[in-house]
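What follows is a pair of complexes built around chain A, which joins chain B in one and chain C in the other.
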Partner chain A sequence: MASSPRKPGFVPLTLLFALFLIFLYGPTLTIGILSFQGPNGGLTFPLNGVSLHWFRQLFEQQQVGDFGGSLLRSLLLGMSVMLCTTVFSLLAGLAYRRNFRGANCLFYLTLVSLILPSILISLGIGIMFDRLNLAPGWYSSAFGAHLTWTLPFGLLIMFAVFNRFNKAYEAAAIDMGATPWQAFRLVVLPLILPSLIGVGLFGFTLSYDEFARTLMTAGTFNTLPLEIYGMTTNVTTPVLYALGTLTTLFSFTLVLLALLGMHLVQRRRGAATTG
Partner chain B sequence: MRSLAHNPSYLQVTPLALVILLFLLFPVLTILVVSFWDFNAYQLIPDFIFENYQFLLTSDVTLKAYLKTFFYAFTTWAITLGLGFTLAYYLAFYIRSPLLQSVLFVLCTVPFLTSNIIRMISWMPLLGRNGMINSALQQLELIDAPIEWLLYSDFAVVLAFVHLYALFMVVPIFNSMMRIDRNLMEASMDAGASALQTVFQVVVPLCKSGIAIGSIFVVTLVMGDFITVRLMSGGLSASVGVLIHNEISLLQYPAAAAGAIVLLLTVLLMLSILFRFINIKKEL
Partner chain C sequence: MQINKGSVELVGVVKRYGDKLAVSEINLAIAGGSYCCLLGPSGCGKSTTLRMIAGHEAVSEGDILLNNRNVTDLPPRRRGTAMMFQNYALFPHLSSLDNVAFSLKIAGISKADRHARALEMLQLVNMETYADAFPDNLSGGQQQRVALARALINQPEVILLDEPLSALDPFLRVRMRTELKRIQQQLGITFIHVTHSQEEAFALADSVVVMNNGCIEQIDNPQGIFRTPRTAFVAGFIGGHNIIEGRLTGAGLQISQARTLALQTVPAPHSGGDQTQVSLRCDHIRVSPRPFDNAQALPLQVESVEYQGSYVHVRTRSDDGLQLSIHQPDADYLQAPLYPGDPAYVGWHPEDLNPLQPPAAHA
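Coming up: the complex of A and B.
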């Protein structure tokens, strides 16, 4: 890179980019540091000693409401949404490789689902369940509400994948006598696996962090974002930061694992083609 | 209908179609119907009245909330567009190593996958009255008294919006830029255009759809938001979403529904302008 002369404007743009990264990560780092605040420390600097006090507080039920329960619900919900998003998007992506009636209509509705204000979905599903005399629950109404947010992302990713997909591989497999199922399982699926991991990651994290669409659809028991929101109004200790730090770390770990997974799949494929 | 049996697409698309039908179309229809209902303190009363709309459309509160929301949407849009375009431009045309490019791109993307509420909260220790910025400025003796408008103000709201949604501009614009044939830019420079002229007369027109997609995301996210406005303005400012949310909290569902329908129409109107610039399917 150093061999060719820099374009004009390289330095100020690099500086801007670096500042943007600080802007992006700085606040998160700040609460990360503040969550190690000593037992007598407050919500801002200076640090009053260093301790794990607030992380311990987090797991004492009376302190911060139902942290454990809401975390468990969010994890279960996130995983179900991830599973359904991956499978449904893959199926829909496959469907859109052929023409079918209503294809355009469904595509535009899916886009609408993506850009409709979340509060509308939340309110709509909330009232609908109310009118149908169904009790809303995080596993039913909130689950559906989350899918309206994750599926459009999944479908768009699948579109991008299949637009770049070389059909020759599949055709070759069929020519060599593979059944359509074999061609899918042994040729198509391995090729698109990295993108599917991406869809799954999106499905999980978008659901795990979703607030607005859960607000009116979660029913009696809170998911984690609802619990955190509740805490912003009545908790005035760094325990809030400890919670933030934990969930952020958790999300970062997931992203890293997914990236690692994609990398491994790609490397294995590279090894398979050269070896 | 012969095709139904022979085309597996119908079966494959069923789960998606069902989710859209049950959790998108039905709920929106429910809102539409309920927005014409009557209500009292205890229950919803099926009816066909226009009072919810009448009240909504003649109230000063609504007007103020819409003006505020447009202000947030426009300011956030302008800032994220400028910032997003510049950052995408840097990533696309200044970083030559594909590996570094992916790493920087991922760095920009990861915060999007973490909790929005946590990201908002994390501004509090920085912006508060006794926060880091105020204490730093005071220690440097640049100011005598803490700046009050850093937190719980329009400034804080827009800052949080930019922080949360800048990514939605960067990604589609970057995506558009990566498809630009580099020869076009060289040709422009060879023909005597300055770097800035090349940016505005070659790159910007070619990124039109990326810009439009980013704008659609940012505008709709800000228009429908209530949590950012509520948290970052400390309840001092009311956007359209906040009004709807307040009515929901008071269980005035028909009023909230009418508010939601008007919001929906407003957003659709704004989108119909933006969608003229793009063909979504070509973008993927």
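Coming up: the complex of A and C.
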């Protein structure tokens, strides 16, 4: 069977793509492998035996660093940010469907917080809390700082969602006697729900691994990224890698669950169609 | 028998978007139980008019009456109309059955009841076997049937259809329009159907409303529209007509020094001068390479000849500017074929020259 001749760019481009993949997943894989380092192993290759030693260590009280606490804080913060981002992005997206006064102005103001360097925003919020004589905390100042990051993203996603949304669906619902609220609840909401879940997950991820915006606003107690960063200077054992592997697995699980959920919904529709 | 059931009347209805006039003061009365087509090119205001009747578009000026009841300011659900949207707008997250039952759900009818009634409606459009299917898995024609069932379930007096056949392939379009007409006649309710296809309008409508530029150009039954188009726009839009411009003289319509066409009905001069227009059906012109009785003395010249099956499309022109498109019966063509460059002797009955009104005045 004659295959069509490859174009001259094929080999270099494939190599480039392979390099990209290595660059993308290499570090994660390296850390994953190193986290199974034997009890006497160090931070670098070669592996000195294989064990789960460092994973066990992770859940014991550390000399420096508090994984459990920081993980819990990051999760709680991420969840709250997720919730707020979803609700406010949805409401803002709905508001932008009709023109209101100052819509453009508000939009640019929102975008500014995406453009400003994160560390400056963090610094600004930190200073503001200081001036107001308020103690910064991960649940207050850091929460706000994260929202300056996730809300604009959420809003932009909602723009894309409503841009594609066929207004005839709502008009049809209204035509059949639905009140605007019923049209929203029975038609609009179910149709944009997948995107809304996406906005939520996005908000969670952005908050969960946010470093710069938390740096000056977290107060006394660290979130997970701050804790890990602190540990890179203090902790010199592969327990760090074990943590990395666990959090990566956690994120993967979340993504897989989301995909599974979508798949199940699709299958239910498919089954109803053929049945 | 209630004469008025489902009658729709538009009185001086105007729609403006900012400074732009989308619909300029139209008056229209549609008899209850009739099939009415709003026909016109895109942007002529026909869809806007339909949406105003449905209540999805606010009226800038004027009134809309349904059954002699002023509904101008009522929301869609309190008008007794149902709309079938372009591309149907079936809810993708609901099955056919739930789509059809949607308005009953809004009305608070129990699940068993509303499903039973929705199934009846699906039976009316022969879609009961697809009750559990989702819109994405239905063909265009099937979606259209479901959409129709959904519009019918609340027993509306008026169904408003926005380009209902434009999403279908030509073959299905013809089949579905037969179906639309069957259901309209079976239920005896008013159908108002927006289309840009004169073929569709002619096939379906009891009355055709031809619109252009936000104005109504003509309201008549299909025969009336085709036999006596009122304006040059109507004659041009429905096709199959020549529009002949000339000067009005005592002898008739003067095209040039040498050519004056005899008129039976004298048209009104357009815009003050003595210029005027008449229309002449392409299939009412006899054409031959040789002179014949009551043919025009001056022949034209054949420009192109296209075989179309039941007729042959002959385009002719003369040096004095007269251009005629002719649909020649294929039998005539086979007897004496015309070729480009041939002289074309043409003739018609003077009463076939249909006087045209000046274009509707636009505000």
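The definition used in the following text is that the second predicted complex is superposed on the first by the 243 of 275 C-alpha atoms of A that agree within 3 Å, B and C clash if a C-alpha of one lies under 4 Å from a C-alpha of the other, contacts with A are read in each partner's own complex, and residues count from 1 in each chain.
We adopt the following convention: a contact is a pair of C-beta atoms (placed from the backbone, for glycine too) under 8 Å apart; a residue touches a chain by one contact, two chains touch by 3 or more.
These numbers were taken from a predicted model, which means no experiment stands behind them.
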For A:191, using the defined touch cut-off, is the partner it touches chain B, chain C, both, or neither? Pick first, second, both or neither. second
Touched partner set for A:171, first chain B, second chain C, both or neither: second
After superposition on the shared chain, which partner residues are touched by A:182: those of chain B (first), chain C (second), both, or neither? second
Partner chain in contact with A:10 - chain B first, chain C second, else both or neither: first
For A:69, decide between first (touching chain B), second (touching chain C), both and neither. neither
I'd like to know which partner A:137 touches here: chain B for first, chain C for second, both or neither. neither
Is A:261 contacted by the first partner chain B, the second partner chain C, both or neither? neither
Which of the two, chain B or chain C, is in touch with more residues of chain A? B
Does the superposition put A:21 against chain B (first), chain C (second), both, or neither? first
Following superposition on chain A, which residues of chain A contact chain B and also contact chain C? none
Listed in rising order, chain A residues that touch chain B in their complex are 1, 4, 7-10, 13-14, 16-17, 20-21, 23-28, 30-31, 34, 43-45, 84, 87-89, 91-92, 94-101, 103, 106-107, 109-113, 115-121, 123-128, 130-131, 144-145, 147-148, 151, 155-156, 159-160, 163, 201-202, 205-206, 208-209, 211-212, 215-216, 225, 228-229, 232, 240-241, 243-244, 247-248, 251-252, 254-255, 259
Show which residues of chain C lie in contact with chain A when the two form their complex. 54, 56, 75-77, 81-83, 85-87, 89, 91-93, 95, 102-103, 105-107, 132-134, 137, 150, 154
So in the complex, which bits of chain B are touching chain A? 3, 7-10, 12-13, 15-17, 19-20, 22-28, 30-31, 34, 83, 86-87, 89-91, 93-94, 96-97, 104, 106-108, 110-111, 113-119, 121-126, 128, 130-132, 135, 163, 166, 195, 216-217, 220, 223-227, 231, 241, 244-245, 248, 253, 256-257, 260, 263-264, 267, 271, 280-281, 284
Touch list for chain A against partner chain C, complex: 166, 168-169, 171-178, 182, 186-187, 190-191, 269, 272-273, 275
